[in-house]
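Quick heads-up: structures coming right below.
Both complexes shown next keep chain A, but they swap its partner, so chain B is in the first and chain C is in the second.
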Partner chain A sequence: MSDALTTVAVAMFAGAVRVSTPFLFVSLGEALTEKSGRINLGLEGTLVFGAMSAYAVSYLSGSPWTGVLAAGLAGSVFGMAHGFFCRLPKVSDIAIGIALMLFGTGLAFFFGKGFIQPTAPRLQAIDFGFLTSDPQLKVALQINPLFFIGLALAVVLWWALANTRFGLIVRMTGDSAATAKAMGVSVDLVRFVATTIGGFLAGVGGAFLSLYYPGSWNEGLSSGQGLMAVALVIFSRWNPLMCVAAALLFGAAGALGPALQSVGISQGYHFFNAAPHILTLAILIASSSSKRSLKGAPGELSITK
Partner chain B sequence: MSETGGRAIGVETVGMTKIFGSLVALEDVSIRVRPGTLHALLGENGAGKSTLVKCMMGFYQPTRGEMLVDGQEAAIRNPREASDAKLGMVYQHFTLVPSLTAAENLVVSRPDCPAVIDWAHEILALEDFMARMPFRVPLATPVANLSAGEKQKLEILKQLYLDRRFVVLDEPTSVLTPDEADEMLSLLKGMTQRGELTILMITHKFREVTAYADEVSILRRGRLVGGGLVGEMTTDEMARAMIGDTAIRERAARLEHGQTSVVLDLSAVYASDDDGLPAVTSVDLKVHAGEIVGIAGVSGNGQSELIEVLSGQRDLDDGRILVRGQGFEPVRDQMDRLKVFSLQEEPLRNSAVPRMTVAENIALRTFDKPPITSLGWWLSPGPMRKKARELIDRYRVKTPSTEEPMENLSGGNVQRAVLARELSGDVDVLIVANPCFGLDFASVSEIRTQILEQRNRGAAVLLVSEDLDEILELADRVAVMSGGRITLQAPIGATDRTAIGHAMAGGH
Partner chain C sequence: MSRILLSRRTLLKSAAAGLVTAPLMGIERAAAAGLTIGIIYVGPRDDFGWNQAHAVAASELKKVPGVTVVEEENVPETVAVQKTMESMIKLDGAKLIFATSFGYFDPHMVEMAKKFPDIEFRHAIGLWSKDKHPSNAGSYYAYLHQAHYVDGIAAGLSSKTGKLGFIAAKPISSVLQNINAFAMGARKVNPKATVQVIFTGDWALPVREAEAANALADAGCDVLTCHVDSPKVVIETAEKRGIMSCGHNASQKALAPKGFITGAEYKWETIYKNFAALLTKGEKLPNFERGGYDKDYVQNTAFGPAASDAAKAAATAAIADLKANKPYVAGELKDNKGNVVVPAGKIIDNYDVFLETTNYLVEGVIGSIT
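Then we have the complex of A and B:
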């Protein structure tokens, strides 16, 4: 029994590391976008389109890292589109987000039809297996470099929000657009840039899906990670470091189903697979109250205003 | 008095005119603010004060007219050019970022803010700067946690930090207790006298003008109608220039009621603010029939939350509300049965549906009763409009028709329409919050008279106001709220401005 428990624990750890990466990228991007005062719900579409373009470019060029870059650039284009439409008068960022989500997924399916069959070169993991002799842990310690890039990005973003002019201006724009305007800051430009960077990161998150785990391109690739990342940003109170913790938690929850199955518990498999979604729901309920406003929320955010 | 050695700069406008579409907001205004003076800009709401200063600060482009800075013609096309010319403005609504600390707010406002901020160095520089200033604020606290007075000080410090030599202050004392206001104005006055700064202060408080300003300019309906050295003008002259020949309704006389019974009775009322923190703490208050109890206090000390509890917009955490000895829960049918009515602050937001018509808004309390409703469910617009027309006439609401969306009416007329709805019936309890905020003299006088008439008729009136003069004028008894508690309760004759001021600052 304790063997099974270890197996599940190790599998969940491996899952947390593996599954969390797309959550991490999308939520870091979304955290930056929301810090600037806009919410981009279209990241799900960006993620799927990023996954498709990464796979396609990796297949065509033979280099998975070129694929990652392509996914990021494709994501930036979606971010730019969001930023551009939202600066028009009386346009709701939420409606544009939903439109871009559907558009991104649709477009990815349209262009991705031809890439479902072929096998593209995938990203290689870094093997930390030498650290242990346990065979299960050896497998778990195959970690993708993107995970470490995500961790580094979280620290950089956290630092930059407090210690750079760019960071302060993003926070100012997100908290009080009137102040930013009074100081001659172009609110639309700041949000455009923040949304574009957010799109880039979401695209890279998508590349991880198609080029590493699960590691192929098909239409059922994303199970709503892009949308859950929005919940995750609220859960982490717009703090990039908390995003890491939240992404790991969501990753571990996502690995629960397969982990239990691997030790022979297949009862309630689908229920355990739904763990991240249930977690999303639980967190949103637990973290909101009808009586108090959300702590730490950027003042300009349309959902919390 | 030319202060060539001083840092303060003088600013002059010449024939400043601003036309928005068909509206002439500002017509041929020339004012001269000499360096090293504190110049007051007086005028009613809508007189063009903000339009004038916004033209000076580059927010608006004047239709005609020009500006002289230190005697030189200067084109100020946007706020950045204003700041280059060392002109700055402190807005009535704060322009600090709530989630940023005071230090972050100051550093990010600097045009030469470095791309990567060396906080150790910046904090030292800021502490050094603060040490030279007449007042200081904590640097490491997020602005959201500062008091209104500290925010106001930080706004002014920001102007000095940015090395502005001419600063416009828009109603700088509206969020301060009388003591804080006096302290701040005398410090600023000192700075102008030392030639460090020139100040143009928008205000409507004559007391501040006579006590602190050197010169005054008075605007009415977009025109400069008076001004000069403060020492050479009486407040009466200033008031007449401000109001002009507008007919002001004679205030109703105050009837003496003698001993009356308690109508509204709050005991140990507790409520929380939007962050779940205690906002109203153990408030006990009794309002008798035919009495106005005025709650004074600096905004943000729990008054809004108290009003929201009484009007059903916020949950009561603990305590009891009784009306004529019966438990009162602020829901529609109880308000109707116990005749509880209210005039809320910001009426367009709190007591009207902006996109519904004037007639519909006026019917909000009666639409489900005959004659508007028959058979319990059938609404007829005819009687609704008829009733609305009657009330529009009686309360002199200026509206093109009963079918005009409420949001198209001016502030004074929205308040009159709400007044018509709330006061036309039989009123036992009236809850009023900042009823005259942002209104012109004629409306203010009208609304205060109506409130007084309800009192004379025997209603129990609870009046919350940030305008101490309004409380001193209307209330029979005054209560002061500070930090969510009642810190003073006294009959109006038994207290004075100083005692109230101390209580507003939290003293007892």
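Then we have the complex of A and C:
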């Protein structure tokens, strides 16, 4: 039994490391965008388009890292589009987000048709397997560099938001556009830049999906991960470090269903497969409070206004 | 200003012209073709899976002289499929519609069959029943489990650990049949072999399928196969982990240049060509068509490099038996809880509906359907 327990624990650790990266990138990007006072719901579309363009460019150029860069640039274009449309008068950022989500996935399916069949060069993992002799852990310790980049980015973002002039301006536009204007800051420009960076990160998250794990391009690839990542931002109270925790938790919980079945605990697998969502609900209920429910929420956000 | 007006006028003119001529062109096209057949897919045609198997058959059907094929992919199992059918019938002049996804049947295909009594509708899973549904509708189905049985034999003889893994979407009868056939094949050649099942819960969840493949590899399985819409992720993950794999639905041989053994494939083109020939002759189509290796409705992918010589020989022999319609399910057969499903001495014919009511996992399968 203890054997089975270790197997499940290792599988959850491995799952957390393998599955969390796209969640992490999208939620970090969204955290920055929302901190500046806008919601970009279109990141699901950006993620899917990023996945497609990364795979396509990697296949055509032979270099997976060029693919990652292309995904990021494609993502920035979507971010720019969102930033541009939302600065027009009387435009809802939520509606534009939904439009861009549908546009992004549709466009990705359209251009991606020809890239379902070919095999593109994938990203290689960094092998930390030498740290252990356990064969299961050896596999779990093959970690993609993007995961570490994501972790570093979370720390940088957390620090920068709290301690730099750039962070102060972003938070100020997010909390009170009037104050920012009085200070002589262009609110639209700050939000445009924040959304563009957010789009870049979501695109890179998509590249991870198609070029590393699960590591192929097809139309069902994302299955809503971009949307879940947007929800994770609220769940982690707009704190980049909490985004890391939320993404890891989501990844680990997702590995629970398959891992339990692999050690022979197969009764009630529907329940275990739904673990990430049940866990999210449970934590949200446990951490909710009538007094501090939206602490940390940017004041300009259209859902909280 | 005048330029804008001009362009708007041109736009209106061309739109009007389009409106007038579009139906005419549609009728013209329909009249020119001998027989037009519509095929509707729920996903992309090149998904390395279920849809690709039908699309391969469709491209074979296109080669038949006098037959025109119209296709539409990514059609959801909603009222959208009714619109697709209607436009195929009215605009393209389709006389026969193949609806290839489970959820197209009721109510969508049944409704359209009532609305267009002169058009034939056929659904790719055996849901049609004589008392309940119109006579211009029907089902066709191929016994893919026979090919999974052959997979099992090849996998059982190629495996070194005797532990095989099966990643399945949902515990419905057609999936359970494939799991059971795979296990029966493997245990026929290696009575100690086990098949470990992981249910993902839905037809296309690439991330969870990859997790499941990793979990099975961690548990010591050295051959993986699956029944999900697109086996690409499972086969590629197995290859990455350095273990062997068997395919499902369409050919995945190219995805696993080292570990591929063989795969269970549909051969829908046999049914499609037969139906087209019957309609061209003006004969009535069967309402309830089914069959396996004996009617050339299924096949196994050409052996990959991981298939051992013993595996190839045993699998080829099993295929010959199935082509002769020899039954492969016989008593005594127990489920994995120890209950007797088929008593000793009883032989289940390949066409016995008993097989289609499978709601158990056979002995040797580790897993649960609830």
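The rule is short, and it goes like this: the second predicted complex is superposed on the first by the 279 of 305 C-alpha atoms of A that agree within 3 Å, B and C clash if a C-alpha of one lies under 4 Å from a C-alpha of the other, contacts with A are read in each partner's own complex, and residues count from 1 in each chain.
Going forward, a residue touches a chain if its C-beta (ideal position, glycine included) is under 8 Å from a C-beta of that chain, and two chains touch if they have at least 3 such contacts.
This structure is a prediction, so every number in the text was calculated from the model and none was measured.
When the shared chain is aligned, no partner comes close enough to touch A:T6: not chain B, not chain C.
Look at A:G15: by the touch rule set out above, it reaches chain C but stays clear of chain B. Of the two partner chains placed by the overlay, neither chain B nor chain C lies in contact with A:S186. Legend: residue contacts after superposition of the two complexes on their common chain; A:T66 is shown touching neither chain B nor chain C. Of the two partner chains, chain C is the only one that A:Q261 touches; chain B does not reach it. Applying the stated contact rule after C-alpha superposition, one finds that A:R171 touches chain B and leaves chain C untouched.
Of the two partners chain B and chain C, more residues of chain A are touched by C. Residue ranges on chain C touching chain A, taken from their complex, read 43-44, 46-48, 74, 196-201, 204-212, 214-219, 229-230, 232-233, 236-237, 240-241, 254-255, 366-368, 370. Partner chain C is touched in their complex by these residues of chain A: 7, 10-11, 14-15, 18-19, 109, 113, 116-117, 119, 135-136, 139, 209, 213-216, 218-221, 223, 225, 254-255, 257-259, 261-264, 266-270, 273. By the touch criterion stated above, chain B contacts chain A in their complex at residues 78-80, 83, 91, 93, 95-100, 104, 107-109, 113-117, 119, 272-276, 315.
Listed in rising order, the residues of chain A touching chain B in the complex are 163-166, 168-169, 171-172, 175-176, 178-179, 182-184, 289, 291-293, 295-296, 298-299.
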